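Scrolling down, you'll hit the structures one after another.
Look at the two complexes coming up: subunit A is in both, with subunit B in one and subunit C in the other.
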Partner chain A sequence: MMPGRRFSRLIGTDGAAIAIALLLVGALFAVTVPEFAAVGNLRYFVAEEVPILVITAAIALTIIVGGIDLSVGAVLGLSAGVSLWTSMSGLGPVPSVLAGVGTGALFGVVNGLIIVGLRLNDFIVTLGTLNVAAGLLVVLTGRIQLTGTDDDAYVAIARTPLLGVTTGILIAAAVAVLMHLLLRYTTFGRRVRATGLGVEPARVAGIDTGRVKFLCYVVSGSLAGLGGVLLASRLNSVQAAMTSGYELTAVAAAVLGGVSLAGGRGGIWQAVLGALFLATLRQGFRLLGVDPMIFAMITGLCIIVGVVADRSLRDLANRLTLRDTRRSIGVAQ
Partner chain B sequence: MNASTARRAASPPGGTAVPDTPLLRLRDVQKSFGNVRALVGASLDLHAGTIHALMGSNGAGKSTLLNVLAGLLEPDHGSVEIDGEAVTIGNPQRAQQLGLRTIHQELSTVPDLTVLDNLLVGREKESGAGRFGWLNRGRTARQLSDLAAEFGITRLDLATEMSRLGALKKRAVEIVKALASEPKILVLDEPTSGLEDHEKEALFDHMAQLRRRGVALIWVTHHLDEVFRLADVATVMRDGRSVATTAVAELTHASLSRQMFGESVELLADRPAARESGCSSSLREVPALRVHGLSRRGVFKDVSFEVRSGEVLGFAGLAGSGRTEVARVLMGLDRADRGVVEVNGRTVRYRSVRSAHRAGLAMVPEDRKQLGILGELTVAENISVSRLRAVSRAGLLDRRKENALAQSYVEDLRIKTPGVSAKVRNLSGGNQQKVVIGRCLNTEPTALIFDEPTQGIDIHAKAEVYRLVRSLAEQGAAVVLISSEISELLTLSDRVVVMSRGELVGEVGEVGRRASQDEQSVKDQIVALATRAA
Partner chain C sequence: MLHRASGRAERLISDPLIGILGLVLAAAVVMAFVQPTFLSLSNLTNIGGAMLAIAFLSIAMTVVLIAGGLDLSVGAVMALSAGVAAAVINNGVPLAGAFVAALVVGTGVGAVNGFLVTRLEVPDFIATLAVGGITSGFLLYWTRGVPILGYMTPAYEYVGGLRRLIGPITVPMLVLIVLALVTATLLHRTTIGLRLYAVGSSAAAARSAGLPVNRLKVYAYMFSGFVAAVAGIYLAGRTTTVPPSMGTGYEISAIAAAVIGGASLLGGKGRVLGALVGALLLTLTRNIINLTGVESSWQTVLTGAVLIGALLANHSWGDLVSLLRRPLRTAAHTEAYPEPTTREG
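What follows is the complex of A and B.
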């Protein structure tokens, strides 16, 4: 008795595993922790996760193109600082947003130029720029107390209630949707996937892989910048090191969502589901009063278990698809 | 579906007394990869002290069988017996315990380590390393220096880095390394590849010496002449089956090649008609592809040739002679230091592969799996990828258009696939190759480069690729065909040029019009050019 084609298609769908896991964990907490599902709580905790959601989309893109942008967390923090500083200088909301996103984009350009131009390893280069960004934020916060702007318009960017949630959440959702569309429905996205699957075959097929990779880093940096603006706008305060470790959460989220570190495989919305899954765990445990250290360990275990489960499901799906393929082209079993 | 194989009893070589139980017996070994049935039924009896040639064209299943013997692949079906006892090989360590060693075509040694350290790998225990993991180089040197000397490796060589040895010595180190574990059975996969003629002689001496030692050799080769010189028994594989095992003394060139190619030999050998018109009328035309004085430092130099529309120009040469490297420069993958490439009289300005595509050049690369297909993408995505502009507007993909385009290639090229949205990875090798060809055609090329287009695909797919190459030329494409199979070059090409050590060393014209009795002399001519000393 083998399951049918519909089943193989369901479990073969990227993201099915993480979506099911998210629903299960969400349901579990909703039943066991009464406060969990309260609308106010839910809204608050999603708003808190906005920066992570945005850089998860960013890091997923660079992983899919076959690299990795570890600098997103620190760049997000620095961009938040620069953006808030601009706002506190009284320059108004538009220049403040541009300053934040621009800082991120600048880091993206630098990452891209070094990685593509000098053909250096993505991991090492972005580990370097991570520290540069983190250091710059320390310098900035050491000079100026980034403790709040009087510009209400700036604060309103992320905080305005809209459609039952906040603008920050809506912007993050829009980023996820746009990034998904970019990857799935544009020629650029196709080139990203091809490059991630193999630089050499992609080059032979006529793709300018260097350019594609460079652009991915610019997009990644810009998103980190945008995430920083949303963070600064919501908290109206930026401290050094407040975003340290974000990049690792984002990598974990992407991997949980089925984005392969080998490149080429996975999608944005699956990665975002991975981020939501981790966020749900964190929130649930917090409400249950679990020690944060234990929570960190459980998260770590979840990642490993999740990756193993994802791979097993994928193998099963491949086998089933192969069987269907065989049948449909009439190859003997 | 158990394939019953047509096996003829192997008569013992040289009439010497050979025990009835073979050292190694394979029965009906089968192995599939996804949809590809690599081994449909392989059987083989191997006796001690014999050199047993394993022959077959690309895609016949030899390498799969070898990987089974090396313990790298688990067969789906069939049995392996050693000394009359059924065994499961399972992994390379177990293979070694069973006395089975394989020397793969690709060297398994580490270039930056010395010969001695390479010999040490895998025999740390024997070297007395054991405790604390200290390596005992002195003891290994003492243990192996005599053996090494037998195969031409001096004490000085032992201290030399692997990368500084010549091709023959590298092979010899592999042999010594394999012999150090005292195997009963040694599998050699194309051991003469990359060797000069005199080095081959030395290697044959080594092999004869192994036979004298009583080692049973399985020798994978596709050089018929070598088989007749050295082998005792030959097993021929075709389409994943072992089709015949015969004592070499009872074979002739003709009977062996008939076994290798079977009834398909006519299909493959049949020459294109209407060659005459294509060549004579085109004298005044501008060549579709003209390459002049192309050089890339340290790789090839001063390569010049022309290909006319409707013409197939074959490139012969040994591996590493620079043919693929020329193709890579033509495609904009690597840069030339000097020289001009013109397509239809217009000089190509290279900035990227895309500029080569735009100029009208396209390539079906060698090594389909590494360079050709993007396995995780679908058939449609693989076909459209080189010219996404045709299936998009303002950067947005039009899936319907993309699928329709792919569907038309699936039909034209007769690609066997459940649909255009099936992952290419799941198709058979021949169909994957056709997808790559479809991708190239989609760029509407003036000149098409095929680099080893039939490597690793089965004989039927091969015949179809041949037909495609021909019909593309007939439709007016200029075709450059790089192939290591001389018979393939002779079957498809109008002219064959030969490369050796980065230079074009000669041309064999009008091969398509020669009578078939000339074929051997043409082959000899090509081989002589390709292997002549610098």
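What follows is the complex of A and C.
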């Protein structure tokens, strides 16, 4: 009866646009490149994207609370280095995991303290800690060759086959699900979204916005640390600058998933869909023989297209709903 | 007369730039004692040469920050412009033509930034981050990751400061001085400069005052792209090779230098002289790291820390000064205007 309203409800639904885009691209590659849909290939390429998926969840959380954590990529790299170094020193898998996650959490605490405590611009602060983390990894790899551990238990963390996939993929999926539940169904999640929508109203409503923001940065840093552990465990080797540019991919994924840069709007699973979309694009292009160097350009373009398309689609949905409402209550245009 | 002089002195003391200059001077004096090679002519010209690219970019960044924006693509634009200049020379075009091509490319990318920020209303840091990614990605794709070589000519060695004009003076130093003077004049002595400050202080107020806010912002981004291209032309000459990773990390240094020099991320504040002092302080700290034998890999760590430190210092310096001045002013104030006795009802 009212196609406009139905359409507007569809495109207004969070995550619908990116889910459709992901399906379309996936189907396109599955048809044009026969190897693409092979189970072994899919498993391999998802395993390769695990670190990106984890830090996309992290960066989405900090964007939703009204900030941004650009340091996730570099912190992930440093945590991977520290974790592998710990394992190579013969300390066993548990201390190695703790060292990696702890490094990430430490950066999260520092980011949170500076941004919340000193009220400095989150974008620039995390750009600064990005450099600190990336630089520390250069220093670390300059002193010790992080070329692999003999500890099989450490390597097994991400590589063990389980349920048809690997433990690394399962851990990343669990992180995404937990983060989604945290944001959607807990008091803390509601506080995060309220803070992102507006610090002042949230404060008036009795939310300790500083604490909420601080905790988000700690979670974000810890997730980056976990992502680093998974990366180091799967590759069993860490080089400097290995994760440079990851933050750009994570921002692009979150933005494509409809996470609003203004804060408060968007969800974790939509952002993860955005990351999978970019991953599909990258793997498909690789199988098609497109120069992988073009992908940095595509990531940058995706950010701009995502921001602009998200707003235009929303405007369109609002306009169509308004038109239909006017029509249904008999107001002339 | 006396009043005016003391007012000026007071303004001078409360100027954060004085503190930073003091820091630069103190660091230089300490270094001169610890490491005698610090004051050698070769090291000083080395500092000058290393400072130039950051100084250019920090002037670009300052202008964008004044207009209330942020340009994270300066490093990438510098690298792409350097690549364009080098490649055009390698194709047999005279130096002037290559420079024009580089400047056009730089200004063009700046215009794209301005378009995205004003017309498409993409938040400035995201727009310029994305454009920076696209620009450096394009350079990588175009050069296949292989550094561009073989474009150096004797004339280009002058441009890169490898050959000196008179004494220690090089061509890029003169270019920097001219650019700094022109930019400062534009900012403080022309309508367009004053309007940029107005736009950065409050875009809404500037718009209600009838200023073409969007056009002014686009100008600021185009200027930034142009100056980044100047930096690229210079740096290609200094390093005699253009690797695709040339501009990495420069945007951080540029922001840090601009913020040290008093520019605010909130817009409406900043000075060319401040940007230059900021660039000097950054270069000096790196030089000190090198001379004291610390691994150069610590430089990235340091730049990140300096950025946050500068932000913090800029943030709290005003508070500190007003805190120190408050008791004095209140004492003088109460002397001149005694507290009215409260009437008992």
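By our rule, the second predicted complex is superposed on the first by the 287 of 333 C-alpha atoms of A that agree within 3 Å, B and C clash if a C-alpha of one lies under 4 Å from a C-alpha of the other, contacts with A are read in each partner's own complex, and residues count from 1 in each chain.
Everything that follows uses one rule, which is that a contact is a pair of C-beta atoms (placed from the backbone, for glycine too) under 8 Å apart; a residue touches a chain by one contact, two chains touch by 3 or more.
All values derive from a computational prediction rather than experimental measurement.
In the superposition on chain A, contact is made by A:Asp208 with subunit B only, not with subunit C. When the two structures are aligned on the shared chain, A:Thr299 is found in touch with subunit C, with no touch to subunit B. Once chain A of one complex is fitted onto chain A of the other, the partner contacts of A:Ala134 are limited to subunit C, with no touch recorded for subunit B. Using the contact criterion defined above for the overlaid structures, shared-chain residue A:Leu261 touches subunit C, although it does not reach subunit B. Annotation for subunit A, partner touching more residues between subunit B and subunit C: C.
In the superposed model, A:Glu48 makes contact with neither subunit B nor subunit C.
In the superposition on chain A, A:Leu197 makes contact with subunit B only, not with subunit C.
After overlaying the two complexes on the shared chain, residue contacts for A:Asp291 are found with subunit C alone; subunit B is out of touch. For the contact definition in use here, the subunit B contact set and the subunit C contact set of subunit A share no residue. Across the interface of their complex, subunit A is touched by residues 116, 120-123, 125-127, 129-134, 136-138, 140-141, 144-145, 248-249, 252, 255, 259, 265, 295, 297-305, 307-308, 311-312, 315 of subunit C. Those residues of subunit A that touch subunit C in the shared complex are 114, 118-121, 123-125, 127-136, 138-139, 142, 244-245, 248, 251-252, 255, 261, 291, 293-301, 303-304, 307-308, 311. On the subunit A side of its complex with subunit B, the touching residues are 185-188, 190-191, 193-194, 197-198, 200-208, 264-265, 321-322, 324-326, 328-329, 331-332. Subunit B contributes residues 1, 34-35, 37, 331, 333, 352-354, 356-357, 363, 365, 370-377, 381, 385-389, 392, 395-397, 416-419, 422-423, 426, 439, 443 to its touches with subunit A in the complex.
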